[in-house]
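Below: a set of structures, written as structure tokens.
Note that subunit A is present in both complexes that follow, paired respectively with subunit B and with subunit C.
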Partner chain A sequence: MDTFVQILVSGLTLGAMYALSTIALSLVWGSLNMLNMAQGALLTIGGYISFAAITYLGFPLFLGLVTAAGTGVLLGLAMYFGIIRFMFEKDGFETNVIIATIGLAMMMENIVLKAFGAYPFQQPFAVDGGFRLLDVHIPYQNLVIIGVSVGMMVATAWLLGHTRLGRAIRATAQSREAALLNGVPVRRIFAQVLALSGLLAAVSGVMLSSITTLAPTMGYDPLLKAFIICVIAGLGNVAGALYAAFLLGMFEAGVQYFLGVRFGFPALLLLVIIALIWRPYGVFNRRKVARL
Partner chain B sequence: MTGPLLELVNVHAGYQGRSVLHNISLTIPEGSFTTIIGPNGHGKTTLLRCISGLIPLSEGDVIFDDAPLKNLRADQIVERGIVHVPQGDIIYPDMTVRDNLLMGAYLPSVSADADKLLGEVHRIFPRLAERRNQIASTLSGGERRMLSIGRGLMTGGRLLMIDEPSLGLAPVVVDQIYEVVADFKKQKRTIVLVEENASRVMELADAIILIDNGQIVWQGAPDELMTHTEIVETYLGG
Partner chain C sequence: MRRKSDGKGTETTARRPLENESRRRFIKGATVAAAGGVAATGTLLADINGGAKAAGKPIPIGGGVPLTGWAATDGIEFKRALELASEEINAMGGILGQPVEPVFEDTKEQGAANIIPAMQRLIDRHEVHAIINGYNTGAVTAEYDTIADAGIIYIHHNTDIVHHQTVGDNPERYSTIFMGDPAEYWYGPGLLQFLNDLDANGLYKRPNNKIAIVTGSQNYSVVIANAIRDSAAKYGWDVSLYETVVIPISEWGPTLAKLRSDPPAVIAVTHWVPQDLAQFMLQFAPTPTNSLIYMQYGPSLAAFREIGKAATDGVLYSTVIGSLQDKIGQDFSDRYRAKFGDSSTPAVGAQVYDSAHYYAIAAALAGGTGGPGEFDQNAKIAARLRRQIHRGVVGTTKFSIPEQAAIPYPDATNDPSLGMPHQYLQIQDWQTEPALVAPSPYQTKQFKMPPWIKA
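Moving on, here comes the complex of A and B:
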């Protein structure tokens, strides 16, 4: 039973963080057909901004998180107005944007390296202490991560499902042409989607660095995991990505517990290979991607 | 009721350097029913896409309600009152029928009336009311076409352009769709209809525009068209 609780808590924590960055990736793919390779770097910057705001500027913890989220929004908008706006209507966008965002990621990563150095800082957005549940020590920070992530996901789901903006985002993803003909300002929607995904990435960066450490390259691992989850769920399938994120979080936590931490990632990759052989369009078998 | 509602002046357009439309000039008076006919692949759809701003004009201008549309984006042109029901079934496949229709009332100018408009569309297409909570991708071909036209009706607008509403449908469904189109004429809506099957629209249309090879080869009233035997033989199959 202890083992079960242990795996459940770390699985949920991992899953919650994965889910946040996966939603961000999936949203952007779903609406723009854009694989955002700079997603990891956005996450890194989110982590560092929260660190800088709390440590250097003396912001309270919560405000540090909000500052990181706000920076994510600004970076998302900057990405649209500085780069994507000039590319998305041209041929070869889907490939070109991968190259462009890889370059952007390198740039952002090196700016972080230049500004903060490679020293592994501790993320100050963390709650000390914990409690015992059936002889298992559960840090409060894990609950904070699960709570914040689930809260953000519920908010995103509500936005997509129940607001005029959300309906326009889904419409744009399902048929750009029909959306235009219904009067949806598609370009503005793209900018808003990138802002939203920047926000989600930055928050997930704060969460992630709070249980590991800050490092300029910290975004790669979650980006890779977000890809794995997207592949398993089918790219662009936001709801599927949520289930897959929590499932894979549990799976990884289980493998780490029984076989050792170093087997966690190889086991995930093995799972993806099997999943792709079995269901090339994702386990939810949605042939048509880009559906929000 | 002075100038025409829509006017095209020497419009040229195409896709990626390949020119499709050459020197198109036409006028659509308010309250008229105009049908554009002509062989497939000769620019009828391109013409509608030009008017609604989905493809840019390379030359000429489109004037709607005395204002040029040349530099407006498609979403801005809808706001001016041109509603385009595109060819094929361009619906939102993963949304419910209801949400698809509500997207038609996305513009702030109509969104307040969305419920009233929804009731109106349900009255015209009772099938869409029955299926309101169904996901659009599960609809039949005819139902999708109704949804597509219904969504256009939700937007209201002053000019409704419908691209080949009968394309790929069973004859009985085509009859249903054309009953609705005939009602538009009774309501004195301004309609531009693209149709390959010219015999269907002869009695509906006030004016016929014949497009071949990206050019207007003939335009006038339907009865006048029937007197031009060479045109009837070439384009309407005798």
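Moving on, here comes the complex of A and C:
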């Protein structure tokens, strides 16, 4: 029974980490058809900004999180005004933006490296302690990241489905030209989505680093896992990504225990292959339905 | 009882080589020889130089080290160490009156694609007479041909068993290439012998003969894990778990569930990333098993203790190269920190520092350095290095022949004056520096039972 509880807790924790990694990527991919390779670097910067604000500036924990979120918004806007607005109306945007954001990611990672060094730090935004369920210790911090990941996913889904901004984003996602013809300010929508994704990525980075550690390369692994989840859930399916993240987390934890830890990641890749063959539009997407 | 070895893995048992009295004598002798500061070599080099002042055209000495990328923290220490050693060498008259000048090329994220061009630039652009590095990973001796074609001296600390095969199989081609530390392989049998010594000396009574091995997926970790696994039976241990984790890893739940379901006497984690290892300890501590925990490399970095805090108390780790905690090592650390600040890490820089010093002595004794293409002169220096025994801040450096790799003590020799100490350290209080608990005669503190182990 202890073993079952341990696997359940590990699976939920992994699922929450994957959900946090995925949310901003899924939003941008779904609404702007833009594969943001700088997503991992945005997570990293969010984590470091929180660390710097709390450790060096003496901010309270919550204000550290707010500072990171604000920085994420600014970075998202900077990405739009500095790069994306020059590209998104031109042919080949979907391909060109991949190259551009890879370059951006490298630049951001090296800025972090120069500013903080390669030395790993502990994220101060963390809740100490835990409780026992049977003989399994469950840290409070794990519950925090599970709650935050679900909360952010639900809030994003609500924003997309029940607000004026969400309608405009969905219209842009379905057809940029049609949205423009109907008076949707597509340029502003791009900027707003990137600002929102910057906020989500920064907060996710703070949460992720609270149970991993801060390091300049901490964004690589979440970015990779986010791709897997987006492919399985269906590109740009935000709600589906939430389900997929937790299902895959549970699946991976089970594989790690019963088959060996080294088989966890290959098993995820195998699922991607099966998903691409069986439902290439995503497990949670209906055929020929627009993104989001 | 301690293992006696011929350096090729053939072991017999022998009496522990040094008791306390001889330990004190050994340390005292070494300290006197070191003249209280720049290791004995300093005096020797100054004597060879005959009072000459370093002047004239500098001799370029290269460092192809990771100044950016994931290993930049260590790479910066390698750079600092070569700069400090060069200053000291020049203060003693350089090499036969010629000053040395360190030059650097960045190996970035390492791997053959970065390392080979960096070496090539050092040779072609800077015309270095020697390359003295800390570690680079991922090239797996691919850079050796670049060096061999130029014929210059190359001393690195890649801790890689592949060096033994490459140089051992073709000693003439790679005659100027040396590995300044023992191969990672020695971590395996060395650990098992250390555990048996604890048992034999009554410091730890193992509840069973089970050892669980948890390794990362990188070559370094796998070689060590396999060395432990393959040697376990010979030392009386049964491998109860051999688990490979994919890195990075922060969620250790499934692995810990397996360990808890069949608790071993020892858990050996050969994955080395400090933050991942700290997470292991944080997740192990609330529900521990009666097991000693040994971890590879990561605990040597302060980050491990800063992240894991009190959960890291009791953890054992070892290093085949690092500055000792004796007077020679401490004086070096003080000089290093005085120059580079308290946040610098002399334990990491020590390897390059020692190598630069013994290279300078060997070159001075051989009649001077040799640049690219000066094969005969570099052959004389290499021959001198093969014969040389150097007592520096990391202990003794003596190269095995034909592999040209530092011999580890007590793993491959039971004479501390002929081998580099394979140091075992234990975190006894996470807020202070780890204690050196083996090998004799260098140990400074006794092993302490980890707080989670119930008698």
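Going forward, the second predicted complex is superposed on the first by the 281 of 292 C-alpha atoms of A that agree within 3 Å, B and C clash if a C-alpha of one lies under 4 Å from a C-alpha of the other, contacts with A are read in each partner's own complex, and residues count from 1 in each chain.
Note that in this section a contact is a pair of C-beta atoms (placed from the backbone, for glycine too) under 8 Å apart; a residue touches a chain by one contact, two chains touch by 3 or more.
Treat the numbers as computed from the prediction; the structure is a model and nothing was measured.
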Which partner does A:G70 contact after superposing on A: first (subunit B), second (subunit C), both, neither? neither
Subunit B or subunit C, by number of subunit A residues touched: C
Looking at A:A171, would you say it contacts subunit B, subunit C, both, or neither? Reply first, second, both or neither. first
Which partner chains sit in contact with A:Q6 here, subunit B, subunit C, both or neither? Use first/second/both/neither. second
One more residue to check, A:P120. First (subunit B), second (subunit C), both or neither? second
A:V184 contacts which: subunit B (first), subunit C (second), both, neither? first
Contact footprint of subunit C on subunit A as seen in their complex: 2-3, 6-7, 9-10, 13-14, 17, 110, 113, 117-122, 130, 132, 135-137, 211-213, 215-218, 221, 253, 256-257, 260-262, 264-265
Under the stated contact criterion, what part of subunit C meets subunit A in this complex? 68-73, 217, 243-246, 248-251, 253-258, 260-261, 274-276, 278-279, 283, 286-287, 303, 306-307
Quick check on the complex: what are the subunit B residues that touch subunit A? 52-54, 73-75, 78-79, 83-84, 86, 90-95, 99, 102-104, 106-107, 111, 151, 155
Subunit B touches which residues of subunit A in the complex? 164, 167-168, 170-171, 174-175, 177-187, 288, 291-292
